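Presented sequentially are two complexes of chain A, the first with chain B as partner and the second with chain C.
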Partner chain A sequence: MNARPDIRPAEAVALGETEGPAIRVTVESVAKAFGDTPALHGVSLDVAPGELVALLGPSGSGKTTLLRILAGLDAPTGGRVLFDGEDALQLTVQQRNIGFVFQHYALFRNMTVFDNIAFGLTVRPRDRRPPKAEIRRRVLALLDLVQLAGLERRYPNQLSGGQRQRVALARALAIEPRVLLLDEPFGALDAQVRKDLRRWLREIHDRTGHTTFFVTHDQDEALELADRVVVMSKGRIEQVGTPDQIYDAPASPFVFGFIGESSFVPVEIADGTVTLDGASLDLAALGATHGKATLGFRPHDVAIVSEGPALSGPILSERRHGGMRRLEVEVGAGRHRAEIDVAVDVPRPASGTIAFRPTKWRVFPA
Partner chain B sequence: MAATTIASLRKPSVIPGFGLALGFTVTYLGLVVLIPLAALFLRSASLGPAEFWRIATDERTLAALRLSFGASLVAALVNVVFGLILAWVLVRYRFPGRRLVDAVIDLPFALPTAVAGIALTALYAPNGWIGSLLAPFGIRIAYTPIGIMIALVFIGLPFVVRSVQPVLEDFDRETEEMAATLGATRLQTVRRVVLPAILPALTTGFALAFARAVGEYGSVIFIAGNSPYRTEIAPLLIVIRLEEFSYPAAATIAVVMLLIAFALLFAINLVQAWSRRRFGDV
Partner chain C sequence: MSDAEFTTARLPGAAAVRFRRVTTERAPVRIALVLVGIAFLGLFLLLPLVAVFVEALRGGAAAYWTALVEPDAAAAIRLTLFVAAIAVPANLVFGIAASWAIAKFDFRGKSLLNTLIDLPFSVSPVISGLIYVLLFGAHSWLGPLFKSAGIQVIFAVPGIVLATIFVTFPFVARELIPLMESQGRGDEEAALSLGASGWQTFFRVTLPNVKWALLYGVLLCNARAMGEFGAVSVVSGHIRGLTNTMPLHVEILYNEYNFAAAFAVASLLAALALVTLAVKSLLEWHYADEIAATRKH
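Presenting the complex of A and B:
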């Protein structure tokens, strides 16, 4: 799916790119319950070959459960999983041939880096096991790919967290997986390493082209890295879309609130416009029908106004937020708290109150 | 060189009290372990080298030492295998009565060893429950080296189980799942991933069970039959010499036992230190 002009043929072979194209993964109403507690309520998802998909959600949203079902580490209580149309649930973990990476690396600490990466090849039955020299060549090429050349004789406890995670990825890639599954791959690393590895993982994906799922609770990570983001909550998929779709056209208040920063104000819809305390705000209802609704907007998508219909109220607090100043405002008779960003050079109004209008907004029926 | 060593010992540390702690350790070890052992060496030294050598290489002494260390080694190895299986079952599976089984493991610790010896003898004697079943096949257990091994297996079991159990409990589930996703079968996972990880604990269990078996007296003398050259263990021979009032001879056999045991345990310790350095703390 990607043009890879920078890869020499030998390297391409070593990375398993001659195994044929990446595969399509189809999840059909997969459900999972642990005892009486449901973890997934019939989740469906279709992922194109070579796609990099983020499963994003708070803890307990079922994202890791879904990943483990794809890997075969857990069995679903209902539904189907297809790898290129073939029923994957009939295959054992071993047969599924997936590359899995855990948050805490799960390296074999009694083995060197070399033996860790070679493990998946050396456990193959003799007729499918590559010769020793071939294994060695492949492991060294992978070490090169993950930028750890020269460290093959170290033991895991002699590596930093970021290095360990790269070894874990190389180990997963060594078996020429059909699908790559990453469970919070950067969750245990500090912020700077995390950013570096994020960019680096994207590059690796562009070069190797595996169909890849990664679980994260970090929205920045998901938006920056993924081709498509799957937002999950309480065992259900809230929305599937490109990072732009997810950010600009959230399908539910949950997605709007979970992705990026947001303020919500309870409002009423009358005659196709948004009203607060009976007065029209002159904002289009965007398809919401008559009755109670929730107005959502991003703190930075507001304009300060001096007259006309607006949300207004006393400023409760202000603090520095990046290049902007963030104000907490009590809005309307219901005294709902909303956050807005204003330029740092805007003087604080003497009255202690401020009026503003969202420039972009969403309306969610209550 | 010596100066730097002392300086490094004096370095201020976040864990103070090194001098006090070391002093205490050495004093305690001295009082409890080293002084009695030194007395033993002194006593045997009063014989003179020629006499010492004669007693140490006496046919009966050698037979007793061979039996003691041989049977202990076999018993410890048997315990490694079955203790590991027991620990595995207790850690990995949840079944009714698990707590009960867990508690039963410690019984050999608590039981007076003489009681264990008598009970085992009653079971395995030619007219006992188990002994009478085997007797028609010409298999004798009580009053043979096999009986000694059974007694030693009995008293050594808790050491292996209790050494391995906590390490197995701490073993990361994800590491095993990882091996499975990489295509390893259960057998390959256990052999190449799990066993190496618990090997240090297993070695500790082996060393403890072995050491305990070498020193065991109470349970063995009942089931062994104690015929010289055949089923007479070294600790018993020491007691026999004591009863004959030949204290130097008893001390000599004890010293030889001590040296062999120390050499073996020290070797096991070295192996463990090496593996710990290599793989990190296990």
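Presenting the complex of A and C:
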């Protein structure tokens, strides 16, 4: 946390770097039900100090519920949350001292940017409240950090969406939070702003070093930004891993299907290889045992072949997809639809059928 | 002649076709609609208002002034102000509490409370007054109880205050609830997560977010509290100089064929309505930016 020549002492104070090292967050079989509807089925997670973790999943996967439980905005129906070993569930939302950034900013519309950022400091009890000059110094340092210097007298409705979200982050950082929680922070922004803010958030995290959770349904955002990605589905954690692990070694068909583009074909495993309609495809079973299984591959990880074992079938449709042409192919006797990418200059076969082999693939037991 | 020139040459002819916005009507329709609107406003709003002031000043400024400072009239004015001074703050507190509860929390019976708030709007004011007579009258079970404690409720000031509070019950809450509901709980959650206590959150975030709607609700509530006739008439007993509010005093004067005095007091009530509207418009005009900021975000 020290030895950062680019940060002046005053700025370091403003960024909460005098608060000591970032904390470890441990989630132990946390469950949550809304009435009879379960939202979380006992999830467990251990996050190292200073880690930047993405909670990734479709809507309804429980990722926001988990974040709100960490913040103290919702109470779990079971399980424990530990901040550096201390039971966080015993603490109120105020005592937890977390920085929460909302999807729709939740800036105080009747306050200027300055007052918004200063809010968390000005509501402190008198004995812990910094003097006015100190508050001012911190707010201005934070405005500098989020690259909004000079806008302190604006009102939230005079700012763009991206600027508002940066004010929201500065406001959360102002209270020197122990953990930073971001709920779909870029969800309401357009694509270009989102990309810029992503890079910028990573830089801020590298400078401030908070243990950070952010919720997203955007896989690109999760993979690009996070140290570790937690993939969630239907209230359960499907996989926890680095972006490389998540992308290259998905633990379940759900993760494989949710991260990146994918095609699935139901197959059978016999003698350690993958077979389709009784014929071997000469693809290693990758540890899957005898019986029914699902073959998964990325549309771009295929090779067109003219002979030998292959997946083949009639081309149903073709359309332009970035630099490639994407074909939808009906494969095998079961007529399963699979998508593959071929080079734009590959001529459409006169027969209307095509044969291909995955060059990289995963096998999931059915 | 190239294609481009050909097109250009034809353009003036094309301009002969009139293009209208799809949301705009033809001139005769527009004029007719505007005239109907103006006629309606003039006939039903402006004309009676003018009539009140004309009638009030018919006997001259001196007679007008005498009618207002006459002891019974002065007492009625004082009583009206006194009742409003209790009813409006009471409903201000209640309205904020109820709309806060309804908009920011989930609890059993929420929709029931929401419906109950509207009750004074749907019940005839006369019924509201009768309810209080039944509750606190000489033959009720609460009336003798209060009487033995030395408090006269019906045909006295407490009854008038109660009836007025009942009738003006919904004004503040009805202004606040839709706004608070549309604003959601995000701001409050943000404030709490930043370490603010419940009261700090309320006074620094929730209340400022609705201050314009609140002011508007209070203005309407006040106008109605001062102008209420039906419910107050039932519980007041019409004792001159004691339990007569301004609207009741107007009625008595009118029934006594004292038209000039009746209209003089009525003009005061009408002026109050005009001032209310003027203040509201002035605020909206002066703080347009800030009001827009609290509405959309």
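In this text, the second predicted complex is superposed on the first by the 361 of 366 C-alpha atoms of A that agree within 3 Å, B and C clash if a C-alpha of one lies under 4 Å from a C-alpha of the other, contacts with A are read in each partner's own complex, and residues count from 1 in each chain.
Here is the rule we use: a residue touches a chain if its C-beta (ideal position, glycine included) is under 8 Å from a C-beta of that chain, and two chains touch if they have at least 3 such contacts.
Everything quoted here is computed from the prediction, not taken from an experiment.
**Student:** Return fit or clash for chain B versus chain C, each positioned on chain A through the superposition.
**Tutor:** Overlaying the two complexes on chain A (C-alpha atoms) leaves chain C and chain B clashing.
**Student:** With both complexes superposed on chain A, which partner does A:His104 reach: first (chain B), second (chain C), both or neither?
**Tutor:** After superposition on chain A, A:His104 lies in contact with both partners, chain B and chain C.
**Student:** Touch test for A:Val346: chain B only (first), chain C only (second), both, or neither?
**Tutor:** In the superposition, A:Val346 touches no partner, neither chain B nor chain C.
**Student:** Tell me the contact category for A:Ala303 with respect to chain B and chain C: first, second, both or neither.
**Tutor:** In the superposed model, A:Ala303 contacts neither chain B nor chain C.
**Student:** I'd like to know which partner A:Ala149 touches here: chain B for first, chain C for second, both or neither.
**Tutor:** Neither partner.
**Student:** Find the residues of chain A that appear in the contact set with chain B and again in the contact set with chain C.
**Tutor:** 71-73, 93-94, 97-100, 102, 104, 106-111, 119-120, 123-124, 155-157, 171-172, 175
**Student:** Contact residues on chain B for chain A in the complex?
**Tutor:** 172, 174-175, 177-185, 188, 192-193, 196-197, 278-280
**Student:** Under the touch definition given earlier, write down the residues of chain A that touch chain B in their complex.
**Tutor:** Result: residues 71-73, 93-94, 96-100, 102, 104, 106-111, 119-120, 123-124, 155-157, 171-172, 175 of chain A touch chain B.
**Student:** Going by the contact rule set out above, which residues of chain C touch chain A in the complex?
**Tutor:** 186-187, 189-197, 200, 204-205, 208-209, 211, 290, 292-294, 296-297
**Student:** Where on chain A does chain C make contact in their complex?
**Tutor:** Residues 71-73, 93-94, 97-100, 102, 104, 106-111, 119-120, 123-124, 155-157, 168, 171-172, 174-175 of chain A touch chain C in their complex.
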